[in-house]
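Chain IDs A, B and C follow the sequence of writing; residue 1 opens each chain.
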Amino acid sequence: MSAARLIAPHWLPPLVGIGSGVLFLAAIELLVRAGAINRFIVPLPSEVAASFPRVITEEDILHRFAQTAWECFAASFLLTGFGVALGALMHRVRLIRLACETWVAAFASAPLVLAYPLFLVLFGRSTMTIIMLAFLSGLPPVVLKTVEGLAATRRVLINVGRSFKLTPAQQFWKILFPSALPTIFVGIRLGMIFALINVVAVEFLINFGGLGQVINELAERYDLPGTYAAISFVMLVSIVFFIVTERAERWLRS
Amino acid sequence: MAPALSASDRVVPVPLAEPAILVVDDLVMRFATDDGGVTALDHVSFNVRPGEFLAVIGPSGCGKSTLFSVVGGLLGGYHGSVAVGGETISGPHASIGMVFQEESTFPWRNVVDNVCFPLEIAGMPKAERVDRARHFISMVGLDGFERRYPSELSGGMRQRVSMARTLASEPKILLMDEPFAALDEQTRLLLGDKVLQIQQQLKQTTLLITHNITEAVQLADRILVMTYRPGRVKRIVDINLPRPRTSEIVSSEAFGRYVAQIWSDLREEANRGMIDDEARKLHAHDPQEKRP
Amino acid sequence: MAEIVTRAPAAKPWFSGVTLLRAAIVLFALVVWQIMAVSGLFYRGVVPSLPAIGAALMKLLSTGDFYWNLWVTAEEIAIGLAIGGVCGVVAGLVIGGNRFIAQAFEPYLYYLGPTPKIVFFPVMIMWFGVGGGSKIAMGAVSCFFPIALSVAAGMRQIDPVLIRVGESFRAKPWQMATKIYLPAMRHPIVNGLRLGLGVALIGTLLAETKLSNRGLGFLVIQAYNNFNMPLLYAILVVLFVLAIGVNTLVARFARLDEIKQK
């Protein structure tokens, strides 16, 4: 290892990263054209790119995206409301917290989405199934982070409230809750990400809904380039969603 | 001038001309610990007159912070009583305003919203409370910083915001627990100046808990010297420095004499505290040691 | 006003408020379930009675068929975890070891991690066929990301002085890896594996429910298709108990190891 290390300009690593990705795709392109890779298993990247416009218009991607987005939004709304309320309850009543916190943590690691056939029976092949599964999967992190944030309120701030003779309700809304908000948002963000992942996964599995269903349909039609295109699109949406929520969290922390 | 040193460890409050606004009567506070129990406050009694500035000084471990919490109504389970304006307290009292030692501004509110807090709780309409808050913000010398957030201010400025917030509730008694402990000496002197001005302007009854002798002599009308654990009133010293005062008083001869006198009282207690602390640390690391 | 303020907590009997509350919650849930089952409010069979589920559970656990499928699934998960785990550890070591590489390539892991990997399943089928291969691939892809990220983060929190010790003895790269990096990163690796196990489990089982003719996932879908509700609930109960149980065991093992090291 050389002792002197050159400090790379800050734009170089991302360039190398993205550049490698492009090179990788180019290599695939060449290998498939040469016949080294079976083109019925891996389509030409250029074909995949070319199929984007077709997929967007034929499959009415915008409408599908809106459907997935709506399901995500509904699930997020539910998990935020119930999650924060449950977390606040658990914090307020110490016995409940002691009894249930480990259960919630265990529930977080439980593969709830595996029960989707059960939800199919309960709610049918419908939006309700998707929303319920996403909501329940995203609930635990919100509850846990809410409890954590409220419990971490600095003692002196609570004493300030006591010295001004605040009622318990005032103490909660004016001191505990604002203090816990950054942590609560971390939980909500985690919950929303779990919700999106589960929404798309369940759509795919039950062949109903928005983007997940599109991938399933294209795959069943053996439309290779289309399938790859749709998968790439879903990945893109996921990544954008992740970045947007990350920015929002950082803004809230400042 | 300064009374001669005496060995008496119980001080009887002298009858006053005007009725005292704060009466602490025979306060005893014990805590149960692993090795038996500890008496934090041992028959502490004193009065505070309206408009008076009383400083309570003592070594670490003398129960000052316990006294602060008890008078502020945050701590219960003690013998004796604390009365404000004739009324015995049983929890935080509306007439007592507290300023804490730690960082206590609300980081999610800007300066004016922080200071408005007690007024908001009391249900004052918005225009009126902002007006009132601005008055106190100006009083602590933070004009122009109304819209700033605590994270943008220095430690000293944040303590001033906490002070303005408490003052805005216009308490009869201002109770402060080492509010300048985290600040450097120069800032302390200047803020002490500020506190003096405010106290003199408002004729605010103030009870200040501190371990800093200079600060106590600079600000107080009387100083209560406490012993090391169990905390008792060792002596009450009248500070007959002229009023109105400024921070320049610290360079006067009389000031120096008061400081020296109080230090000679304190030194003995501080020494006992240090020896006791070291002994405890020694025993804590020795597993063979048998506990009595 | 009163007496001595005690700070020592009272001794906690096992028969404590916490245990009572938990027992009460479980009891309440079971009672509500049974009421819903016999009430006739729901479409027949959607909420089977507790005895029916119990019977199905007994029947399930006593057939060899179940254990054979359990073995199939366990095998798939284990192989998937092994493949994804090894690739993840290697990728993590490489990325965590070099700052430039980390800045260039870690974003791929970080941003592709929280995505619904199950949508890759059709591709896995094309590449590995409709048998166990595609399920193993699904598990491997799922667990690769959390493991690689955990290992990369673990690399960065190694005490630099340990690395300098290795360099001072002129250890070769593979020696550095096995004798210094890996032992120093036990905890992040075990934690990464625990996360990886969780997602590998989900990925493999979901793939089995989508397209398979064996494994636990297949049993779930088969029960659903036959509308055998008690059996469906029974299999799900077993699945959840196993999943949470394995997760708890690994977590406890990780913590035990930590305590031993102190």
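The working rule: a residue touches a chain if its C-beta (ideal position, glycine included) is under 8 Å from a C-beta of that chain, and two chains touch if they have at least 3 such contacts.
As the structure is a prediction and not an experimental result, all values here were calculated from the model.
Asker: If you tally contacts for every chain pair, which pair is highest?
Answerer: A-C
Asker: Measuring from CA centroids, which chain ends up nearest the centre of the complete protein set?
Answerer: Looking at where each chain's C-alpha mean falls, the closest to the middle is A.
Asker: Going by the average position of its CA atoms, which chain sits the greatest distance from chain A?
Answerer: When every chain centre is compared against chain A, the largest gap points to B.
Asker: From the C-alpha centre of chain A to that of chain C, how far is it in Å?
Answerer: 18
Asker: Find the geometric centre of each of chain B and chain C from their Cα atoms only, then give the gap between the two centres in Å, rounded to an integer.
Answerer: 55
Asker: Quick one: chain A and chain B, Cα centre-to-centre, how many Å?
Answerer: Taking the average C-alpha coordinate of chain A and of chain B, the gap between them is 51 Å.
Asker: List the residues on chain C that touch chain A in their complex, please.
Answerer: 17-18, 21-22, 25, 46, 100, 103-105, 107-108, 111-112, 114-116, 118-123, 126-127, 198, 201-202, 205-206, 209-210, 217, 220-221, 223-224, 227, 229, 232-233, 236, 239-240, 243-244, 247-248
Asker: Would you pull the chain A residues touching chain C in the complex into a rising list?
Answerer: Its residues touching chain C are 8, 12-14, 16-17, 20-21, 40-42, 95-96, 98-100, 103, 106, 109-111, 113-118, 120-122, 193, 196-198, 200-201, 204-205, 212, 215-216, 219, 224, 227-228, 231, 234-235, 238-239, 242-243.
Asker: With touch defined as at the start, can you tell me which chain B residues reach chain A in the complex?
Answerer: Residues of chain B touching chain A: 72-74, 91-92, 94, 96-98, 100, 102-104, 106-109, 117-118, 121, 169.
Asker: Please name which positions on chain A make contact with chain B in the complex.
Answerer: So the residues of chain A in touch with chain B come to 154, 156-157, 159-160, 162-166, 170, 174-175, 178-179, 181.
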